[in-house]
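To keep things simple, chains are lettered A, B, C and D as they appear, and every chain counts its residues starting from 1.
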Amino acid sequence: MNKEITVESVVIRFSGDSGDGMQLTGTQFSNTSAAMGNGISTFPDYPSEIRAPQGTIAGVSGFQVHIGSGEIVTPGDDVDMLVAMNPAALKANLNSLKPGGHIIANIDAFNKTNIEKAGYKENPLETGELKNYQLVFAPISTQTVAALADIDIDNKSKDRCKNFYALGMTYFLYNRDIEPTIKWIEKKFKKNPLMIQANIAALKAGRNFAETTETVISTYKIPAANIAPGTYRQINGNTATAWGFLRAAEAANLKLFLGSYPITPATDILHELALHKNFGVKTFQAEDEIAGICSAIGAANAGSLALTTSSGPGIALKGEALGLAISYEIPLVIVNVQRGGPSTGLPTKTEQSDLNQALYGRHGEAPLVVVAASRPSDCFHMAFEASRIALEHMTPVMLLTDGYIANGAEPWKLPDLEKEYPAIKHRLIDTTKENPETTKWTQRDEKTLARKWIVPGMKGFEFQIGGLEKDITKGNVSHDPTNHQKMSDLRKKKIELVAENIPLQELEGAASGDLLVISWGGTYGAVHMAVKNLQKSGEKISLMHMQYISPMPKNVAQILPNFKRIIVPELNMGQLKDVINAKFGTHAIGYNKMQGLPFKISDLQNAFMGLLREEK
Amino acid sequence: MSNTTTELPVYKKKDFQSDQEVRWCPGCGDYSILSSLQLALIKTGKNKEDIVCVSGIGCSSRFPYYMGTYGYHTIHGRAPAVASGIKCANPDLSVWIITGDGDGLSIGGNHMIHALRRNIDMNILLFNNEIYGLTKGQYSPTTKTGKVTKSSPYGSIDQTFNTGKLAMGAGATYIAKSIDTDPKHMMEMMVKADQHKGISFLELYQNCVIFNDKVHDEYTNRSTRDDNCLYLEHGAPMIFGKDKNKGIIVKGFELAIVTIGENGVSEKDILIHDKYNEILAFQLLNYSNPPHFPMAIGEIFEKSVPTYNDDLVKQIDEQIAKKGPGKFQDVLFGGDTWKVS
Amino acid sequence: MSNTTTELPVYKKKDFQSDQEVRWCPGCGDYSILSSLQLALIKTGKNKEDIVCVSGIGCSSRFPYYMGTYGYHTIHGRAPAVASGIKCANPDLSVWIITGDGDGLSIGGNHMIHALRRNIDMNILLFNNEIYGLTKGQYSPTTKTGKVTKSSPYGSIDQTFNTGKLAMGAGATYIAKSIDTDPKHMMEMMVKADQHKGISFLELYQNCVIFNDKVHDEYTNRSTRDDNCLYLEHGAPMIFGKDKNKGIIVKGFELAIVTIGENGVSEKDILIHDKYNEILAFQLLNYSNPPHFPMAIGEIFEKSVPTYNDDLVKQIDEQIAKKGPGKFQDVLFGGDTWKVS
Amino acid sequence: MNKEITVESVVIRFSGDSGDGMQLTGTQFSNTSAAMGNGISTFPDYPSEIRAPQGTIAGVSGFQVHIGSGEIVTPGDDVDMLVAMNPAALKANLNSLKPGGHIIANIDAFNKTNIEKAGYKENPLETGELKNYQLVFAPISTQTVAALADIDIDNKSKDRCKNFYALGMTYFLYNRDIEPTIKWIEKKFKKNPLMIQANIAALKAGRNFAETTETVISTYKIPAANIAPGTYRQINGNTATAWGFLRAAEAANLKLFLGSYPITPATDILHELALHKNFGVKTFQAEDEIAGICSAIGAANAGSLALTTSSGPGIALKGEALGLAISYEIPLVIVNVQRGGPSTGLPTKTEQSDLNQALYGRHGEAPLVVVAASRPSDCFHMAFEASRIALEHMTPVMLLTDGYIANGAEPWKLPDLEKEYPAIKHRLIDTTKENPETTKWTQRDEKTLARKWIVPGMKGFEFQIGGLEKDITKGNVSHDPTNHQKMSDLRKKKIELVAENIPLQELEGAASGDLLVISWGGTYGAVHMAVKNLQKSGEKISLMHMQYISPMPKNVAQILPNFKRIIVPELNMGQLKDVINAKFGTHAIGYNKMQGLPFKISDLQNAFMGLLREEK
């Protein structure tokens, strides 16, 4: 019998051709692991091109799963086990595999054509170039077809079951429960009993093959994690974002309106919201990004919770209209699912390089609120928060996420909606209580300076508004110099006052120390793990991960002086770092990466250690 | 009028005036358009609070400030997009898009053609003065080729849009035209445009006294317009001219002008206007070119196409009928979940 | 061919291929378009170094990477604007604009209509697959109403553009169409589009195997296309059908289909195509709607209008002739100056 | 006889209805003064609205002239003499008049209608409300008509000569030479001898009226200034900008291409360049701002010196395309003539609030060069510099001016072109010397990292380029992570290296001291005067006025530490201040004004003094 080794966590990447069903396989593996009580985090890695020719590197589709018995917050730096359904998959992923890691290779696909298509001269399984890895040769394609010999479906359909065969192998290797997947298959193929039979047979055959084959030396056990009780589901960032808005609209008792134009990696928010028509959600696929935001501005003026979603290049196009929304003082949420720039850049890769654009990407003094989500499930939270702030403060709010957390998934402990996401009080006037003669949109809440929200259809409250400067009391066009000063000050103050209505900044670690790490957005998982690891080894390091960037929580100014040094790791060239230094007179330094890839925990640890050890 | 028996709201012109001082150049054609819409709104039967004027930027786009209705002066070229959002968010509103030849056809051309294509039930008033007024006189997409303007000191080399053809090409379901010197006709056209179910494209030839004075003179000046305007009426013969003795006939693929009473032509030979005939409408738009062919004025074209806003509401109603009104709790706990205890 | 007597450059297809690996989905219609243009360029007589391909963003817009000519992959929707700058800066270049139904008609609609209006001498290839391919399957302005796509899970409620009518409405001086399954015809149309002096609008019905497979099948599939395509040729009768026995006739304002040999109809009753007849062209564009009326393919419309680039050069030449070539020193010291000593 | 008083400088504002010809009157006054050897600076103040109704405040058109025997660099804070052609002109300008200042009022226009139109209840000339000013009552309209009684033109034409009557009055009061204006009239109305006669008669009548009237107590003499010898002309900023490009194209031996869309206050650059077709200039009036910049990108790719001009809202629309230009690495100059924001804001007023947009208003890490002009004639210099940098470094350059210097005019000592604005060496390859097999656009100059400029029409050098990330050596599309890092670093470095090719930062004043004033752009005149005045009174204050903002001159880092405090006066909410603090770790404070108006010298002096006197 194989020996069974217990490990704390393991990273597996399923990789194959676009048509090989690797996304499904990975999802099954992670769902099963979640149900078994493991911590998990996943990341899909689609081909960046159009469905590229079969068998080529460009056509490789991967899905990475990180499971463990501890806290899992990233899909993992390096891969322990690679499932390679063809040579291209092997080649594309080898550099993420740990030295000594496992490769399950579908040897059936390592024929001459595929080997060449992948850009290999010779069969890499035979050249010895993989000698530093543990190889499992599996004739996955042929074995799958053989296992399904008795089932009355054509060979092409049989071949398409090979992903379940591969899944079965990994289930054996990692001691996974086969039942959840069987149930899933039964549900999924309800209308096609033959396919149920076939897929289950493939799954089992794979598992049996792994159990009997001699190449498998050991199997692994990943004990259940210590996970808070509750109901969980897997969620990716884009779905979570969409859902956050769905709940916000419900909590505010408003209709949701999304004006958007498709763009990778933001489009899935539009797709998701379009499904929920029975919430009265209106998704307006506009002719371009400008019309996207402008239609949302229209909807906000008409009393909807209005959104527009895009990514960097599309957000660039919205700058002028954002100024109008600021000038109108209307609630509006703008989502930027960031990707690699500049220009079209690396559209399917992740980056955090649009913070400056969020803060400053408009003409004139045009302040707005900027918040950022930290992980897939946090997208729900921050989408709700963005909506809440927009509605309570009558201001546009920009929500930043990124391609990494938008597509990455993690288990999410489902919140108690009434408690954690309670009713939002918007500022639509109650026409039965207000007097048309005296009520004006320019009247403001004392605490927030938020104006009244008056919308067409309200009888007697008709008013006119534009993007020209407005008289601070009457609301009509004004070119008066001192009025412009007052309005400029007011717009600034209004955003600053949002700080009274957001949580204080939290710190992970002691309130003072040698090094403060400041991060924001989708790097949370990696930065958090790196800091936690160093804290465990006794370093005086703390993490200040920011969700609210403009305005910042009130206590940030108090936190910073208590640390000897400050480092700001970002997937850009130092944007938040500059903001912090300009605002607080600090001398924070940056740790920056521009590779279209997330941080590695190990790299961060090294960088932080370097600073901690540095002679001052 | 207090004992009227209809349920329609009863308004006076001043109900549609705002308290803002109207600030166009003295003699600007915009004044009569403003007045015409204020009068037209008395007749459209819409509640004042349900009426919204949305404009871009330009002299013409100052319009909403002067209306007593809800009014949104937006940014340059974007009025149709903002208006689309307003109308979709609240389909009960009566939405008027106010735009100029620069605002609506130059920078705003894309929103214009897509608003026309989608057939959202709104009204577009295009103030065509063939110039950028507010920026003090540059050529626009409707400025005649060859014209000397501030930005074309040796004459513009741009070809012009035929606005009606552009609108039709984009899928407009209603096309009409009027002139700033005929307020009564303008008002009638506005009422009819509002009645059309779907997007209405109403072009108004407007005089800019300062930067393009008299550019439409031939067909708007009271003394010459009868000879250069073809006032169309659905179902009526296409007769025009001071003496009402000129008419249009069709010859193969072409339209031609004839004189009634000459060469044996009588009134019954004259083509009857059919606004539902797209080919005829196209021909009228294509031919309008005073003094060679009179300018077609009035309701040129109409077709019946489902509106975007109706379909939007219908789709929501269908989904609610099918799934029940959405409850987020159900979405949250629906699908694949698991329990940890 | 080495002893050819013409002065035209002699190229092979591979001269127009780049060293980049072509990366569309297997079976994508873009492949045959690429090949057709590479073949067409052999025949246009332009020097390779003078040929420029300019695209926006989309699957189709990857095109310039695969051409051996100068190639600019720009940003989404802006190809006509960038191309206009290239052509105006150097009017000797032969400029091809490559765009998709999303790139060219949705986000890029404004640049498209203005490029058509200005009549700059360039060629537009519109790859119409009625879908956003690169972003994986949302409806576009040409996607049929009712279609279920990723962004319209309950069916699209958008009306569609009739592309040819839109182009004509914008002032296009040349409109032609072809289909990805007929590379030879495509190639011929490309050569002819290039010959037209002014902007050429060439729409190519292209299949997206992944997100909108077979959407043009009826009129592009080899087995049914003869019955559903009306291949137009200027000066030739409008005959179509597998058996070449169907034809088009005109009836009042309408076009109708007749069968030759039935009801006494003979070939000479069939309408002769006249690409210079704008009304006829409009009718053909309006009617095309397989299987009810065959899809008009080929050169649909052409008109002769001065090009922007010619007028641009002319105006400069005139000013130079009048004032002499500019010397900045003269401007600097011209007009009102005074001396301080 | 009146007494004659000698003064160092005087500020006069001519003000009347749009149709009253005040721009012309002011221009004549300033031209005459310039010819007489005075220092001058002028600013027109057009009505912000469409030609608003006659007689209303909105219809008032003004022209301010500042003349003096010393250095004159601003049109002046407050007005010494107001010429008010009607009640609205009086009302609109009274608050800029110095206490005790002069008012020449055209009493003929102070009738009931006009008084009411201006919003007065009673005739302000009669209520005593002007008792703190020195009033000159002049029946300008009637006197003009009377003076022209014998000339055979209609009364309307006679009335239109009244601006020359008013001018004549001021000529007497300020001892101006009448001859230059007579010459100008003769030239201008060459084809209309009656109008020559009429205008000259009006001019003289006005002068005589002033000489004989009893209300004029004193006349003023403004001795000639000590002005450097040379040939001079009046120039406003927009014309200067256009001319800078004209010269740059000539110096680079390239054709100029401008892709632009009209917008106040930038349109005059388009108008001016459109006039110079005989230079081969191509002005492409695009359908919108996006097409404006995109056509310029096309022209740059095709080998022109390419420009796009706009103001804030239009620049906002260009953000996405700017990213493409950066990604292409092409020479391109973008001009932003700033105006009051946000949104449509105060379109005819001045502001400096688009610096952030210039630096950061794009998605992704997209660095470019930002320079700013300081005064009308400096627009020529900086337009040339922007072009030179763009061409030598193959990069987009943003030139910031503003509505104040764009429309303001000053005398300009005409430069020696060959010496001061010599040939520019662009990077177009010489096809006769380069080898098509080995030459690639990715090859870079060692010093600047600027790439080679290869354009269509060059036989054998065909290449393909896009906005996707490019391989650093081959130039084709690359998704490689480390390549993206290298390209990001390169784009940053390339901009930094521009610092090697710009002048060092100059200081006005000592190299160390108590207070360093840092300013940029169109505030130069006022800030310069304020600092100079304080220096004269012995304060240790120096001025660092910046023309090059990104990158900054190399010596800036050395300058800052030598001052105890730093203040950054800006017509925004502190944009350069934040940049300086983030970059240099300084604690500069801002002095900010958001009123659509320029700084007043006196306000600046007070602010600086406050800081100089402040206990630390």
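Throughout what follows, contacts are C-beta pairs under 8 Å (C-beta built on N, C-alpha and C of every residue); 3 or more make two chains touch, one makes a residue touch a chain.
This structure is a prediction, so every number in the text was calculated from the model and none was measured.
Counting C-beta pairs in contact, the pair that comes out ahead of the other among B-D and A-B is A-B.
Spacing of subunit B relative to subunit D, judged by their CA centroids, is 40 angstrom. Subunit C and subunit D have Cα centroids separated by 45 Å. The geometric centre of subunit A is 46 Å away from that of subunit D, both derived from CA atoms.
Those residues of subunit D in touch with two or more other chains are numbered 277, 287-288, 313, 320, 323-324, 343-344, 466-468. Residues of subunit C found to touch two or more other chains are 57, 73, 75, 106-107, 109-110, 114, 141, 154, 158, 312, 315, 318-319.
Chain contacts in this assembly form a complete graph, since each chain touches every other chain. Only residues 106-110, 113-114, 117-119, 141, 154-155, 157-162, 165-171, 250, 253-254, 277-280, 282-283, 286, 305, 308, 311-312, 315, 318-319 of subunit B touch subunit C when the two sit together in their complex. Touching subunit D in their complex are the following residues of subunit B: 21, 23-26, 28, 57, 59, 62, 73, 75-77, 106-107, 109, 132-136, 138-139, 141, 150-154, 158, 210. Contacts from subunit A toward subunit B in the complex involve residues 31, 34-35, 37, 184, 227-234, 243, 246-247, 250, 255, 257, 259, 276-282, 284, 286-288, 290-291, 294-304, 306, 320-321, 323-324, 413-415, 417, 455-468, 476-477. For subunit B in complex with subunit A, the residues that touch the partner chain are 18, 20, 47-52, 54, 57, 64-65, 67-75, 78, 81-90, 92-93, 110-111, 114, 312, 315-316, 318-320, 322-329, 331-333, 335-341. Across the complex, subunit A meets subunit D through its residues 48, 311-313, 315-317, 319-320, 323-324, 326-327, 338, 340-349, 351, 353-354, 356-357, 359-366, 466-469, 479, 481-482, 484-485, 488-489, 491-492, 572-573, 578-579, 581-583, 585, 587, 593-597.
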